[in-house]
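The structure is given below, and queries will be raised subsequently.
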Amino acid sequence: MSGALRSFLAPFLGRPIAFLGLIVLVGLATAAIFAPMLAPYDPSRLEPVARLIPPSAAHWFGTDQFGRDTFSRVIYGSRLALLIGVGVVSFALVTGVPAGVLSALFPRFGRVVMRMIDVLMSFPALLLALGLIVIIGQGVTNAILAIGVVYLTTTSRITYGLTLRLRTETYVEAANSMGAGAVWTIRKHILPNLISPLLVQASFVFAFAQLSAASLDFLGLGAPPEIPSWGNMLAESRIFITRAPWLLFFPGLSIAITAFSLNLVGDVLRDRLDPRFREMLNGNRR
Amino acid sequence: MWSYALHRTAAAAATLAAASVIIFFFIHFIPGDPLYVLLGDSATPDQVDALRSKFGLDQPIVVQYLRWLANVARGDFGTSIFFQVPVLRVIRDGAETSILLASITMIWITLIGVPIGVIAAMRHGSWLDQGLSGVAMLLASVPTFWVGLYLILVFAAWLGWLPSSGYPSIFEQGGLANLRYLLLPSLTLAAPNAALILRLTRASMLDVAREDYVRTARAKGIRPARVVFRHILRNALLAVVSAFGFTFAALISEAVVTETVFALPGIGQLVVQSILRRDYPVIQGIILVTVVLYLSVNLLVDLSYRFLDPRVELR
Amino acid sequence: MTASPILHVRNLSTRYTVKRGGKMHEVEAVKQVSFTLGRGEVLGIVGESGCGKTSVARSIIRLTRADGGEVLFGDTNLLTARSDDLRKLRLKIRMVFQDPFASLNPRRSIGDSVAETGDIHGLFQNAADRGRQIDKALRDVGLDGSFSTRFPHELSGGQRQRVGIARAILPAPDIVIADEPVSALDVSVQAQVLNLLADLREMMGLSMIFISHDLGVVGHVSDRVAVMYMGRLVEIAATREIIDRPVHPYTRTLMAARPKPDPAFRIKSGIEIGEPPSQFERPAGCPYVNRCSIATARCAAEDPHLRPVASDRLIACHNV
Amino acid sequence: MLHVSDLSVAIGTRSDFTDIVSSVSFEIGRGEILGLVGESGCGKSMTSLALMGLMAEGGPWIRSGRVVLDGFNVIDMPPYRRVESGHGGIAMIFQEPMSSLNPVLKIGEQIEEALAVHEGLAGAGRTRKARELLEMVRIPDAALQLGAYPHQLSGGMRQRVMIAIALACRPKVLIADEPTTALDVTVQAQILSLLRELCDTLGLSILFITHDLGVVAQLVDRVAVMYAGRIVETAPVLQLFEHRGHPYTEALLSCLPDPARPLRRLTTIAGQAARPGAILRGCAFAPRCPKIAEICTIEAVPYAQLSSDHHALCRFPLARPPS
């Protein structure tokens, strides 16, 4: 196991900033998992007396208009961020990768599927998500699905391109010449070589999902208000922008740091990729 | 010469046709009877009958689609439940803001993204390069509205130089000076996308610099600056131009958020309001308009490629 | 010395459709190619790039779908073989590829790559048997068992090509089709791999189809040589005959153009050799017509068929 | 014409470096073709890039040496600075015709660009000169081809355009880095005869870099054999083929498959090609040399003079076989 870990960590050791990105992600995960222990206050406990207190010893990140402790809400907010990220990435991978791989290996099936993906991609990302939310309704799961569909399109298109490229590799032709069927080719040749490019794609999708989810929350169409989410916190902070700037600063910073670290990790992993695949991964969009 | 242009236009038309089917079904996907979805819950019986015949809702679905397509072609996107006026008029009112916002933002993206990307590439590895790339990545990782809110806080609230919201049309009192209302919104919208274009320009410049024909140019004794602009930049821009297609899509998406932050009377804010007001015909209309706009911009980028890259005839 | 034939190729034809300038073009990569391969014989196929020599190999091994003709191995037609016939084909006719850096999956160990056929067709009783067969195949190609746990990026070009050969010979095949197996290697490494192929041929009684653009290599390895041009077989004869007394005009040009490693025999410069026409403007009649020094009106009109001109030499030319 | 002395190219930092080209020296006379031959990784291409001053920054760097062209040392000067100082007499053509021309510029533009730098011609005069150059390299209907794009030409034609571009730089010496390796044998023959013709008619000297001993035999006047960054033997081509002084040259020539004597086992060279910098002391070929002696791995190896213009970097050079 240590071999795989070392080979995973290798690219980061050389570049200090990237290593920082990795540490932040580990921090995000710990915050999300141990939120109850880490948060000094109950995030949704109203404390009218302690309304709009600037950052102080008692409240590191100050309090909001209902007297709730911003630091605790940021810690609990990391739970939703992690949930959204993991949810969107897994949805995009579980649907996008098979669609891309099968489309590349079975051209007749591929032509139809890739046409549909093209059509979906003609809808700008957020509009597609908003349209879906209008149909399936608001809520965390629906937000994950709506954003997931957006990144299903880019993931399947990138997987399609990668698999088309892999299919022409000599070792795949050699396997075919030895009687390897589609299942064997996918299991032994296509998927193992898709892992690192898809890892890069996953980090970018995780980052973009944070931004899309925050936008939905900000528009009031994402997570319900009672769930502590960085986006909701920003939406609520708009009114007190001048009187309580800390309400604007800390949640926004959390989103930015998370997305920035993921982009950084994605970049570092992409630089280690085979140059032929590197260029294909630029096709991402927000 | 024409086969490429015709081919690309046909492909775009086919995509639009397929997208229109999805947009048509948008109303039917929404839970509830399409009639009440279109007219709102307080619709009167004769309004319901009038609409049923107009859209042939009692007809088979294909006829309904064709009927809807015919109406849309004539500019009749149905009536807004909230405003009780034709949807197209509602959209047209918002069009000026959104188009101006998008155009100014595109100018920022081109002026900031491409040149700085070139400079970063030319100073590859230097502190300047790393600084610029770092800032670019940061800007690409920051929520658009957070940037917007901070610009409002600094330039509107603290310094008071610029208005923080609203946008009186340039055709009304104040004329072109009203464009200053769009300064902060366009910078907010441009920040993340200019960052992406910057990183893309830099990456493609560095890729092209490793090509054999650049080494040939240097071997000819051509001065470095000329090699960069005549050989490297010209080929690198091919990749950047093709990226303008999906940058425009990102622009439309983020405009929705930016217009909400700056309370601009554009199509983006209209979508959000319509969703909250359950004004489905307007939502459907806006989605259709933006898809048509996006596909035409993409087609323009595709066709312009024809003139930039002589090899494109082969594709 | 035609040993009893092990493979009959009759009128093999393969067409590709290629998109160019917005329009679709039909390219006849292989046109009516026929030859037989004797048991234990090495048939060299030589020709310039785009002449169809690789397409012939890919059609036989069914990596590319042939449009016409048949390939008889024993009494089964390989082009239409199904289920266990096809399985026999996969075990009996094996292919070695050109590029050592692309023919091995970077993510799989050398052992897994060598044993791939066995894993696909269940040739191994158990893990121990699998390990033994891998070690034997690796030793047969001059490597040792320790290579089986290593990965392609740890090996040199020559070593990787040996692994490719080990993978091909593991199921004790009858025929090995080698597509430019040494073109990507340096001269000293090339010699090692050519010696290896010669040893394996004797040790396993292999018949081989050896494809290359390098006349020196093909001349060294083959018993008989087939020369291809623009998808057609233009001449086929014993190696000595082709080298010393080339008959077909194109073969003569090919022999003349080859840079012999002997400064005493220098090509007289300036002989008009011309450029091969592109696949898309294929001349009517004989494909070599506009480069041929002895072309006549008939050549421009009628496409010559392969016909015997001597005991074991076939030529596709009207005027020879 | 061109004197290269003690040229060394290293990788790594100034303090901790490894030579991938170590103290290479040779001359090329007027109208002479010198073949620089060796297997991949021996440093021949790196030597040519060093001569041209095309070392990419951040990559390998020139540690020492002089490159004297007509009395002027142009070492470490990028091509444009050589042109400005009036000593731009070296031009170069490369191996991959498919990627060595700018895909978005017409052929004519790419030739005229070189003419503008070297001849200072302008307008119609430059276009006429470009057409003449295309005719000189035997490109059919040259006027039409000026307007063509690289992707519309075959590999052979593109290599001719590369030669035309090189000629536009009015070179005294042309460096050709494996120019025909990617071409078919019939096209290669024409390019080789074109190069020989240019040598004879223009008095052009050529440094021809290749791994193909057949091409060496057919084209070059003198040969320098390289192994692990060092020139191990230099001799006129006829002499080299008849009397191989260095064991590596002997091994290399005997590896060649010869159709005249088919079906016999080829002699091979034991071991693996030396990684640059792996051999610090003694002879680089020692580990693989059949005539290895204790001293070979310790002492630096002197050049043995086998005849007036034939020497080998070996303590025990092979004797001349009885003719």
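Labels for the chains are A, B, C and D, by order of writing; each one numbers its residues from 1.
As a working rule, contacts are C-beta pairs under 8 Å (C-beta built on N, C-alpha and C of every residue); 3 or more make two chains touch, one makes a residue touch a chain.
All figures in this text were calculated on a predicted structure; none of them were measured in a lab.
Trainee: Farthest chain from chain C, going by the mean of C-alpha atoms per chain?
Mentor: Between chain C and every other chain, the largest centroid distance is to B.
Trainee: Report which of A-C and C-D is connected by more C-beta pairs in contact.
Mentor: If we tally the C-beta pairs in contact for A-C and C-D, the bigger total goes to C-D.
Trainee: Could you put a whole-Å number on the gap between the CA centroids of chain A and chain D?
Mentor: Going by mean C-alpha positions, chain A sits 52 Å from chain D.
Trainee: Any idea how many Å lie between the Cα centroids of chain A and chain C?
Mentor: The separation of the two C-alpha centroids amounts to 49 Å.
Trainee: Please work out the Cα centroid separation of chain C and chain D, and write it as a whole number of Å.
Mentor: 32
Trainee: I need the residues of chain C touching at least two other chains; which ones are they?
Mentor: none
Trainee: Enumerate the residues of chain B that touch no fewer than two other chains.
Mentor: Within chain B, residues 314 contact more than one other chain.
Trainee: Spell out the part of chain A that touches chain C in their complex, as residue ranges.
Mentor: The touching residues are 169-171, 173-181, 184, 188-189, 192-193.
Trainee: Could you list, by residue number, the parts of chain A that touch chain B in their complex?
Mentor: It is residues 17, 115-116, 118-119, 122-127, 130-131, 133-135, 207, 211, 214-215, 218-221, 231, 234, 237-238, 241-242, 245, 248, 252, 255-256, 259-260, 262-264, 267, 279, 282-283, 285-286 of chain A that touch chain B.
Trainee: Give the list of chain C residues in touch with chain D in this complex.
Mentor: 48-49, 156, 186-188, 190-192, 194-195, 198, 213, 215-217, 219-222, 239-240, 243, 253-254, 256-264, 266-267, 269-271, 273-276, 278
Trainee: Spell out the part of chain D that touches chain B in their complex, as residue ranges.
Mentor: So the residues of chain D in touch with chain B come to 52, 54, 58, 78-80, 82-83, 88, 91-92, 94, 96, 99-105, 113-114, 117-118, 149, 151, 162, 165, 168-169.
Trainee: Mind listing the chain B positions that touch chain D in their complex?
Mentor: 125, 211-213, 215-224, 230-231, 234-235, 238, 308-311, 314
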